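The structures come next, written out as structure tokens.
Okay, so chain A shows up in both of these, paired with chain B first and chain C after.
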Partner chain A sequence: MAMTATSAETAHHTSRSHRTGLALGKVLIYAALIFWAFICLFPIFWTVTTTFKTANNVTQGHILPFIDFWPDWKGLRSLGLSPDTLFEVSTVRDEFLKRFLNSVYASVGASLLAIVIGSIAAYGLCRFDYRFGWMKNRDISFFFLSQLILPPVVLAMPFLVLYKNLVLLDTLTGLILIYTLMVLPIVIWIMRDQFETIPVELEQAALVDGCSVWGAFFRIVLPIALPGMVAAFILSVILCWNEYFFAALLTSSNAKTLPVMVASQTGSQGISWWSMAAISTAAILPLVLIGIFLERYIVKGLTAGAVK
Partner chain B sequence: MQDRSSSLAAPTASSGRQRPADTRMAIGQGLFVLASLGLAGIFLLQVLDAAGTVAIGFADWRPVLYAYLFWSVALCARQVLVRGEEGQKALFVLPAVLFTVAMAIFPTVFGFYIAFTDWNLSSSTGMKFNGLDNLRSLVNDPFFWNALGNMAFYVAMVLVQYAIAFGLALLLNAEIRARKFFRVAFLLPFMLSPVAVSWMIGKSLMEVRFGPLASLMKTLGWDSPAFFASPWIARLSIMAMDAWVWIPFVMILLLAGLQALPHEIKEAAKVDGATGWQSFWEITFPLMLPVSITAIVLRIIFQLKLADIVINVTSGGPGGATDTISSFIFREYRDRSNVGYGTMVAEVYLIVIIIFITLLLNLTARFMRKPD
Partner chain C sequence: MASVDVVEVRKAYGSHAVIHGVSLEIEDGEFVILVGPSGCGKSTLLRMVAGLEPITSGDIRIDGRVVNDLPPKDRDIAMVFQTYALYPHKTVAQNMGFALKMRGTPKPEIDARVKAAAEILNLGAYLTRYPRQLSGGQRQRVAMGRAIVRDPKVFLFDEPLSNLDAKLRVQMRAEIKELQQRLDTTTVYVTHDQVEAMTMADRIVVLHDGHVEQIGAPLELYDRPANTFVAGFIGSPAMNLLKGTIKGDSVVTEDGIKLPINGAPPGSDGRPVRFGIRPEHLTLGGTIPAVITVVEPTGSETQVFAKLGEQRIVGVFRDRISGRAGEALPVGIDPRLVHLFDQETGLRLN
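Up next, the complex of A and B:
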């Protein structure tokens, strides 16, 4: 299908039937694109609109706002965020905001920590030759990347016991530490790819001018590698924001994050759809916005190292 | 490194210059020895305290944590003070190594110890060593084998996701308008939290009575669209959600691969008069093989961790039909607080994964070498 490209060039020596074939191909391509875009966007649209539905709209399967049904503040009111409840004292809202902020702190904190530790490690592995016992650079890199295959369940139980003894259960510090561990291999993977594209001559010049290795790293390399770091950071934030498994096991009341709140509401039977939709919307909306405005960086982060 | 600094200092023959280097090294060594002794000492004290031999009355194990932090700092300081520039270079990877050892290697090893105990957090007896009992009950546990079988199915479904993702990547790579819009729209599902997706799709769109997807199925002639009632339909429904979330990931990798393909090759194919289908199978697909394998291997690695959607939509049901190993262990802990057995399952699973991934990587490496 990719061959339909540059139809203008080839048009003058192709037959008429070929040209209608090309037009048909175009129509099919757009039909497929629109079909898949619908599949991707409809659940998001459905969730956002269900926030504004009453019980009646839900049971009758109304879909289009303003046409099928008239929006109602019910969903947001259940979180204390509708216009009439916004300025009143609301325990639900406090609870919700606490979960929301926990998610923000945990994901941003862990991503920052992972970026700091991961970037310098990636830089070291890129530029210097190490020998820790029998381990050389290749082995150390593999050691870090192999953490990717470690499933969360393997760590979950030991962490439960360790955190209990270290009084880190249900604390944001504990959550940040384990999230850092989770995204560290990915950060190292992305940053190694970034540093490899930076010419060594730049640092060599700085070293000749009397910079230390760390000076050269901070003054010369870091500013150039910044876009890559942003990409790694955003990807880490997304992964931490969506993390559920560890949060469900290691937090109970104080450090609970948004996904755990969503999940705990899903479990209870007969929960009102509009309030579920409102919480789900709150959980996905920040990421939808990141996706729309920072798509470039996400793609950069995802494709780092995979495509050579 | 030590040799070089002394040989550099020797020609100047001034002992005054040599001394700061020596004291620096001595400080570094001393600090490190001190920190090591401190770590070992505190650890020993805490173990003795926990065993009841000495009564110091530690409230928790945090002192060991702080001692480890101090030891890490001392180790880093020693690198710089004793080894000079080489030490400064080592300082780049040391934090990550120390962090990973403390947070991943130590808990995994500790997990092996837990795995050989009978430990139920809700019972008052506490931890009891029970040898191979957990392993024995694991071999006889039909739910474990069932979950492992499900994992095989879920991993195989990655290939279906790959095929769809390849199609989408080709679509996006064609000459189209509004490419940016379609790319963002196609990427969005990947960004969303699996827990939210569980509700958005599993619990509301697929809801039997009012869900739009269920209504659609009714109009298409499926009388009672129960997506999670019978085992195979439930598995497929779980995979549909999983595909919705993960297809964008594979698609983005493949799209990047397609865009990196040299243009000349396609032009040549067109001049030769190859049809779209031929040029795909004979040119694009073989050239995309390395990217495809990377994408599939990464995807399989992530698929082996599949848990969130299963836990939240079916909690493994009906009758364990949709269970993954992770969701099985999650329930084992949450419903029965059975830490010992759960850990054994997890560690066995880890070994299975390591063997499987090693085989997979070897296989793909051999496969990739053949065409050359």
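Up next, the complex of A and C:
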């Protein structure tokens, strides 16, 4: 009897200390997650709130709107996007929209081109056996992927000279071409994974049913690989949208994109934080919307074939 | 006429040959089954007939016309794959009508033919469903429906029943056989299951390592296998192949056990042979001293694993046998049911 009582007590104590341990662990994990969420979200919060600050609010380090400072339309007014300037003519706003559209054209254009070329390349690497000198399929795939390892700055001089000679400097075409090159490895990577999850018997059935190789690709393989294509497209758009280095290097007045415009918000009075923040918010907004609404498709496309 | 002729077909991947000069003539309306163990080249051969695999040398003729260089879509064939290969983004009706759509058939005719095929295969209720909403057996039927809607010259089946459970397999076997008889279309069917081959085929082609071992009607292969490979492959449980030497009018094993034969082939005295006797041809109560190892009652019959001297032997008997390991079980052999094979070449002697 005594034995049972003691063991019951011990069991009770162990379970209580066990539960405390579990609770403490949970608290620590949540604390770490909240801390990290704060680190990730604070810059965005700062950017959005700074849009509505004036010069002395920024220099005095006021952070919380309505508590530290009163929001002002100054930032948006300098862009021609405040309620009072929205319906008036504004050269700044026109310029902003021009840069915004440049970003859209460059990102979407490059991504579409990369999807077309990359999908066909990935399909070829998946279904056919190639040989270029000593390189077989695996080597060719690695060659494509290795472009991602290359630091872009290495290509700065060559591309500057090349584009000057081809008269592609400060053109959207030039920008689209280089962005296509930039995202092609990722597209090929994602699409190759996609195509590998599609059984080759489906295409064989299509060949027997009356399709040519291209017919099988367009009618059977592509519709099935669509989630991956959408994911690759979205990822490419995001990468191209944020690209600063080549945009700053290869464009000046015509083809300048949003990231370059953000960086150039300096005047004789110092950095105009509020207009920089305003433009940044406008630059981030499309990506945030894409992320929120299309996250499902991105995950689905990237994890296709991960679980059999 | 939709005959299929395979003439001295060879297939090599680089320097590695996988099919060594296979020749085969399939008549119009015949149901021929290519059977053999994994890796024997049966699927490769089928795919060469389909045009999905290039031929290294030789000819393939469909209806007398050489089709070596024709793409699959121009050979007027239909194929059913092991994994069914149904298009997941199309409905059952769209799957079945796809080939006709590719050919430019007018929509009303496509609908009519799909409906007719669906009725034959009991798929009428599933036409608007997607493959992921169907069971294995239903998907198998859709794959067959896709083939028969085409009304092709030749049906090609690549191990279509391998992915089904045993009970469904038995049911589908009968359905496929019945369908083929009804449509009277030349059919080439690949399987590794010799029971499927025996029950469905008009003729069987036994393949091994890229060679044809024997071609013949099922019972021909059962009654007179041409070599030890076919003897051991056809029939379940496999034929007993005991080592021995011909001495006079019997075969004597190393342990000195005498096995009866129906007259030795002339000039073969002293020749080392393989003595073949099917498990179902052993009888109880004879003079051959087998010793029981394991008794496996299956309900309708009893399988007995025994030893004859040092060699293993299997017997299948209708009677119920209650024996323990180590007990003697004398068995009898009818000499007329014995198969003799040369021990070295494996070729039939009698």
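Rule of thumb we're sticking to: the second predicted complex is superposed on the first by the 271 of 308 C-alpha atoms of A that agree within 3 Å, B and C clash if a C-alpha of one lies under 4 Å from a C-alpha of the other, contacts with A are read in each partner's own complex, and residues count from 1 in each chain.
Methods note: a residue touches a chain if its C-beta (ideal position, glycine included) is under 8 Å from a C-beta of that chain, and two chains touch if they have at least 3 such contacts.
All values derive from a computational prediction rather than experimental measurement.
In the superposed model, A:104 makes contact with neither chain B nor chain C.
After overlaying the two complexes on the shared chain, residue contacts for A:224 are found with chain C alone; chain B is out of touch. In the superposed model, A:112 makes contact with neither chain B nor chain C. A simple residue count on chain A separates chain B from chain C, and the partner touching more is B.
Applying the stated contact rule after C-alpha superposition, one finds that A:210 touches chain C and leaves chain B untouched. In the superposition on chain A, contact is made by A:201 with chain C only, not with chain B. Contacts of A:156 after superposition on the shared chain: chain B is touched, whereas chain C is not.
In the superposition on chain A, A:124 makes contact with chain B only, while chain C stays out of contact range.
Across the two superposed structures, the residue set of chain A contacted by chain B and also by chain C is 212.
On the side of chain A, the complex with chain B involves touching residues 1-7, 10, 29-30, 32-33, 36-37, 39-41, 43-44, 46-47, 50, 58-61, 63, 117-118, 120-121, 123-125, 128, 130, 132, 140, 143-144, 147-162, 165-167, 177-178, 180-181, 184, 188, 212-214, 217, 238, 241-242, 244-245, 248-249, 258-260, 262-263, 266-267, 273, 276-277, 280, 283-284, 287-288, 290-292, 295, 298-299, 302-303, 306-308. For chain B in complex with chain A, the touching residues are 59-62, 65, 85, 88-93, 95-97, 99-100, 103-104, 107-108, 110-111, 114, 167-168, 170-176, 181-189, 191-201, 203-205, 209-210, 212, 215, 244, 248-249, 252-253, 256-258, 260, 266, 269-270, 274-276, 279-280, 284, 290-291, 294-295, 298, 301, 304-305, 307-308, 311-312, 325-326, 329-330, 333, 339, 342-343, 345-347, 349-350, 353-354, 357.
Taken together, the chain A residues at the contact with chain C in this complex read 199, 201-202, 204-212, 215, 220, 223-224.
In the complex of the two chains, the chain C residues touching chain A come out as 50-52, 71-73, 77-79, 81-83, 85-89, 98-99, 102-103, 146, 150.
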